[in-house]
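Below, chain A partners chain B and then partners chain C, in two separate complexes.
And now, the complex of A and B:
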């Protein structure tokens, strides 16, 4: 009984039908994901279709989204199982060595995409010429930064990610006497001057009382950023410092003082501080003579890493990124009349897997073709002799 | 095949090559104005040095959709046209070269739609230029894929009219007495404003860099005049240019040709090499290898079709010889582009179409050598012809040898990733074309011929394997390039997805066949569907206008693509039609 069940499962996973159905599903997903990018932006569409186990849809009569189609994660997982089963099932003889290599290469390729989907972090670093930057920032995720600015030479930064703000409640800031009570959080909002006669703002301190906040639906498009906005009440030593408004739309940080220490509050894109710093020494934007067609972008960067006692110059340019401490920095954009350079930063622990896969598959195909060629030559020889 | 037949067949091929050679040879001795020689002058435009002839051809293509036109009973070529535009605008303005198809735009300029093609001269447009500009400026901020038909048409007309306007004001301000007068009145009160206009409107730079300056510092006439007014001396090329201008106006061919020789002398002293580079490109322009190639493919296809009903033993090898000559011309054209541009063969959508066709033809030649049934020839000729037609249509948007944007500026990746993936396209299309041939054959050939059917399926199968290999390797190489330049291997970008779809589809076909789910006809139907997938990933994704690869956007081709998809679906239906619809009735269990 158990044996038949096991052999059925085995049969299911090694069947060609499964391969074809899964490949067809993957094609459908790829088409849907491509079309959806027009509306949702690349990242949104990829998260919805590829980096999920089910493609979900919100129906008006149900309170939760319903899975309507297997997502890229599930299809990929099944395809990997199918591949493994199939690879194990391929005759273990030298004549099939090529196919073995090809299919194991594909398994590595899928694994690479899984790792990328689960662990890849995309951030960026914008530096102006002459500026030194020791952090990378997220494209979309935000944080509420609480900065102890008492010491003029050193800022102590504490930050609360937007995901925590969205949960609400009170958040104790470790290392400080502060606790933040989140009064209300808007993932996206529009700010304007509070018109006379309008209901008063939740805020009681800082610039907040003069600002009206209207909630907006969150955006996922690639070139749009949500205006995350929050009302928080810092409490320290049993004393409230009023309710403050912090938002991506407000420029300058606002500060209050508790027991001689000054804390500033501001909403900003989430930052990750690095144990090293980059200084932009020069940015070049070359064009072809007599045109605006870009020929080259490059950033000359001084990398200073005190822990490694390292200080060296690196030229980052198109098709030539810097791989440093597990991160890849590449030239992505520019601004401010060519005085600002934007480096995209990718951290993907599995970045080598596709290279391994590429070698395995190419080798496998070559071996397979060689074997087939030898066989057909031999057949021809036999024919001649026979 | 007898000896005579063989010679006749290869004679036809040699004749085709001879005709191609005649195209490439320069015209006879110059009578009157040496307009062709004028087209030989090197200029800097779009970031590269090219002959004026190339600019004239591409501008006329953009404005008129052709490289020549008939006016007052004569054919006017690009070089003569550009001479008139630049030196005698009063004449060129009367020539009806602006094609306008959109009825609303025709209404806007106060004319009536006469035929299906409507030609207008710049003089016709001139009283409506302000309105055209106003309408175009309202439409320009809208993303190209969201514009209405009228908006696209008006922006297009404005761009063409502006190009013409710039050309007209590049060497002299239109309506002024000419460049010679400009040189004399350099200290005039209004001269500075005129120099400013010339600088801003200049369509190209014709004054070669002076010794001691940066090697790319070509100047336009306005800049040359400004430098002269600032006391930096007369640019040596300005004087012969002014003489060319005066001689052309005075209808004095002898002085014109003398001034031209002097101009070339100045250029070869200032920028040695520019003139010979321009000359090479002129030969390429004149030879029109892709146009000649597609004509030869067309003839080869016709000859092959005839061979099925008449004298097959003579005409089939003739068609093969013609296809071979077409391939030679096509290959030479590709090689010339590679040399002129200093780049691998595929650099933009236009050249990808040229290369896809070339790949399909070469594969077809090989298949024909292996099977000798005429199918390889037929399919290769049809594919080569079709892809060169597509290329001709893609080439009407300007210079097809434009400079590569920064991220693409990598000959290594252009040569590996782009070329392999394009060979993958060629293979998939060729397999699809064979399958279409198979489908049609089932319906028109009465004799049951199991062997030919099997041969066709074998060809398609072999080519699909080939296409899978190249599209997979090409896609992975693309991933590696992306990792090198953008830091990630795979980003589900539309173009990457398109390439992946081709890989997946070819993999599905092969697995379905190995597992025995599809046989002859099933494989063929799937191969035809491969055409749809390939066309969509080649052109369709560019129409979405999203992603990192969307540098090849095109709005006009949407209907063409839809038509192609429908035609392929029809072929699939024809291929899948049950046996009782065939002429070729299977006898019992055939």
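And now, the complex of A and C:
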């Protein structure tokens, strides 16, 4: 009974019908995702359609979004399993070596997209001329930065990601006596001065009591940033330090002191600190003579990495990125009268996989061609002799 | 390869793909050298022109900050020698840098109306340096009135308990447009004590625009 069921599942996974249905789903997803980019922006649409297991839709009569179509993640996973099942079914003999290589190459290609979808991190680094920066920051994701500023030379930065804030509840900050009670989190909000007669704010400490917060729908467009806002209550040693308002709209961090240690709270774009630093020595924005048409953008940076005892100059310019310590730094944007350079930073642990896949598929096709050619020539020879 | 081995391999591949997809949210910790106070753009591209053909989105403009008082309700001050002023962001109107070495900083924050009342604000400040709340009687006892051209300021000076002492000297004043201005000098007890005479001169120099 179990064997029959397993055998049916196996048959289902290696069927060509499944391949056709999944490829059709993939095509539909590509069209839907392209159309959705108009409203959701590139990243929003890719996340909703391609990098999810289900495409979900919110209906007014339901409190939660309902899956309406398989997402790119699920289709890709099934397609990979389908491909693996098919590959395992290929006869294991030298005559099929080419087919094995081609199928393995395709599996590696799918795996590469999975690794990119799940593990690729897109961030950016903004540096002004003369400035040294040792972190990259996210385009969209935010964090509540709890910073112990007590030490005169070092800051202890504890980053609470927005995804954790959205879950609410109590968040213990490891390595400190602090626990943050998340009272309310807004993925996007609008802040204004609290008008007279308005209901009091949730905040009881910091600048929050004088600020009114109105929730806004979250934005996913490429050129918009959410104003993430949170009401948190730091508790340490059984004592509450009041409820604080932290928001992307509040510029200055707010702080409190517990047993001689000062902690500041601020909402900001999520940062990843690096064990090395970049100093922007020069930014060039060349144009074609007599026009405003850009010819070249380049950033001359000094890369200082104390752990490697390294200090060298690198020129990053369009289509000539710097690949360093697993990250790729591209020249992406500029500003402030050509004194600010913005580098787009991509970290993809699986960046080599598409190349490996291409080599495997090409090699497989060549091997298969050679085998078929040999067989064909042999047949022709046999015919002549026969 | 047997049927069981094939099925196990397939199931293993599926589970591996799902495991890669599980992304855990957790608090992360970094120890970083102190950042120099600079107008580093938190939102890249705020006045940028994206380089053609590149993937950098113009990352959405300035954040909306509460409107700043200007004209009749705005306060002016004179800074003592060696002090400098950095315009504030968001709710902070301005930041003063003193020439005194060590951790100390003076800030100006403006909030609408009574901003919760004097006792609530004083207790909030006390909370920030780890001191417990006080009542009305203790508030009156702690209050020092400083006269300025903009009117009388109520000034408080608190020092925390514990080994590493923090200190806060803070004054508040209401302006005719209904706003309340808070001028605070905070930091470690020793540098704040050194900077306090100059800070008190700033409070005395306050005048309406």
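Following the convention adopted for this analysis, the second predicted complex is superposed on the first by the 301 of 386 C-alpha atoms of A that agree within 3 Å, B and C clash if a C-alpha of one lies under 4 Å from a C-alpha of the other, contacts with A are read in each partner's own complex, and residues count from 1 in each chain.
One rule holds in what follows: contacts are C-beta pairs under 8 Å (C-beta built on N, C-alpha and C of every residue); 3 or more make two chains touch, one makes a residue touch a chain.
These figures come from a predicted structure and were not determined experimentally.
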> Overlaying the two complexes on chain A, which is it for chain B and chain C: clash or fit?
Replying inline: fit
> Given the superposition on chain A, which partner contacts more residues in chain A: chain B or chain C?
Replying inline: C
>> In the overlaid three-chain picture, which partner chain does A:7 touch, first (chain B) or second (chain C), both, or neither?
In response: second
>> Contacts for A:23 in the overlay, against chain B (first) and chain C (second): which applies, first, second, both or neither?
In response: first
> Between chain B (first) and chain C (second), which does A:330 come into contact with in this model arrangement: first, second, both, or neither?
Replying inline: both
>> Just to be sure I read the superposition right, which of the two partners does A:261 touch: chain B = first, chain C = second, or both, or neither?
In response: second
> In the superposed arrangement, which partner chain does A:318 touch: chain B (first), chain C (second), both, or neither?
Replying inline: both
> After superposition on the shared chain, which partner residues are touched by A:297: those of chain B (first), chain C (second), both, or neither?
Replying inline: both
> Touch check for A:155: first (chain B), second (chain C), both, or neither?
Replying inline: second
> Looking at the overlay, what does A:190 touch: chain B (first), chain C (second), both, or neither?
Replying inline: second
>> After the superposition on A, what does A:344 contact: first (chain B), second (chain C), both or neither?
In response: both
> If you take every C-alpha pair with one atom in chain B and one in chain C, what is the shortest distance in Å after superposing?
Replying inline: 5
>> Quick check on my understanding: which residues of chain A belong to both its chain B contact set and its chain C contact set?
In response: 41, 294, 297, 318, 330, 332, 344
> Given the complex with chain B, which residues does chain A contribute to the contact?
Replying inline: 16-17, 19-20, 23-24, 26-27, 30-31, 33-35, 37-38, 41-42, 45-46, 50, 109, 112-113, 116, 120, 122, 287-291, 293-297, 318-321, 328-330, 332, 344-346, 348, 351, 354-355, 357-358, 361-362, 365
> In the complex formed with chain A, which residues of chain B make contact?
Replying inline: 44-48, 204-205, 216-218, 402-403, 405-407, 409-410, 413, 469, 472-473, 476-477, 479-481, 483-494, 497-498, 500-501, 504-505, 507-508, 511-512, 514-515, 517, 541, 544-547
> Residues of chain A touching chain C in their complex?
Replying inline: 6-7, 9-10, 13, 41, 53, 73, 77, 80-81, 84-85, 88, 92, 111, 114-115, 118-119, 124, 126, 128, 131, 133-135, 137, 139, 149-150, 152-161, 163-164, 167, 171-175, 190-196, 204-207, 209-211, 222-225, 227, 241-242, 248-252, 255-262, 268-269, 273, 294, 297, 318, 330-336, 340, 342, 344
> Which of the residues in chain C end up touching chain A in this complex?
Replying inline: 1, 3, 6-7, 9-10, 13-14, 17-18, 20-21, 23, 25-35, 38, 40-60, 63-67, 88-92, 95, 102-103, 107, 109, 111-113, 115-116, 120, 124, 127-130, 160, 162-166, 178
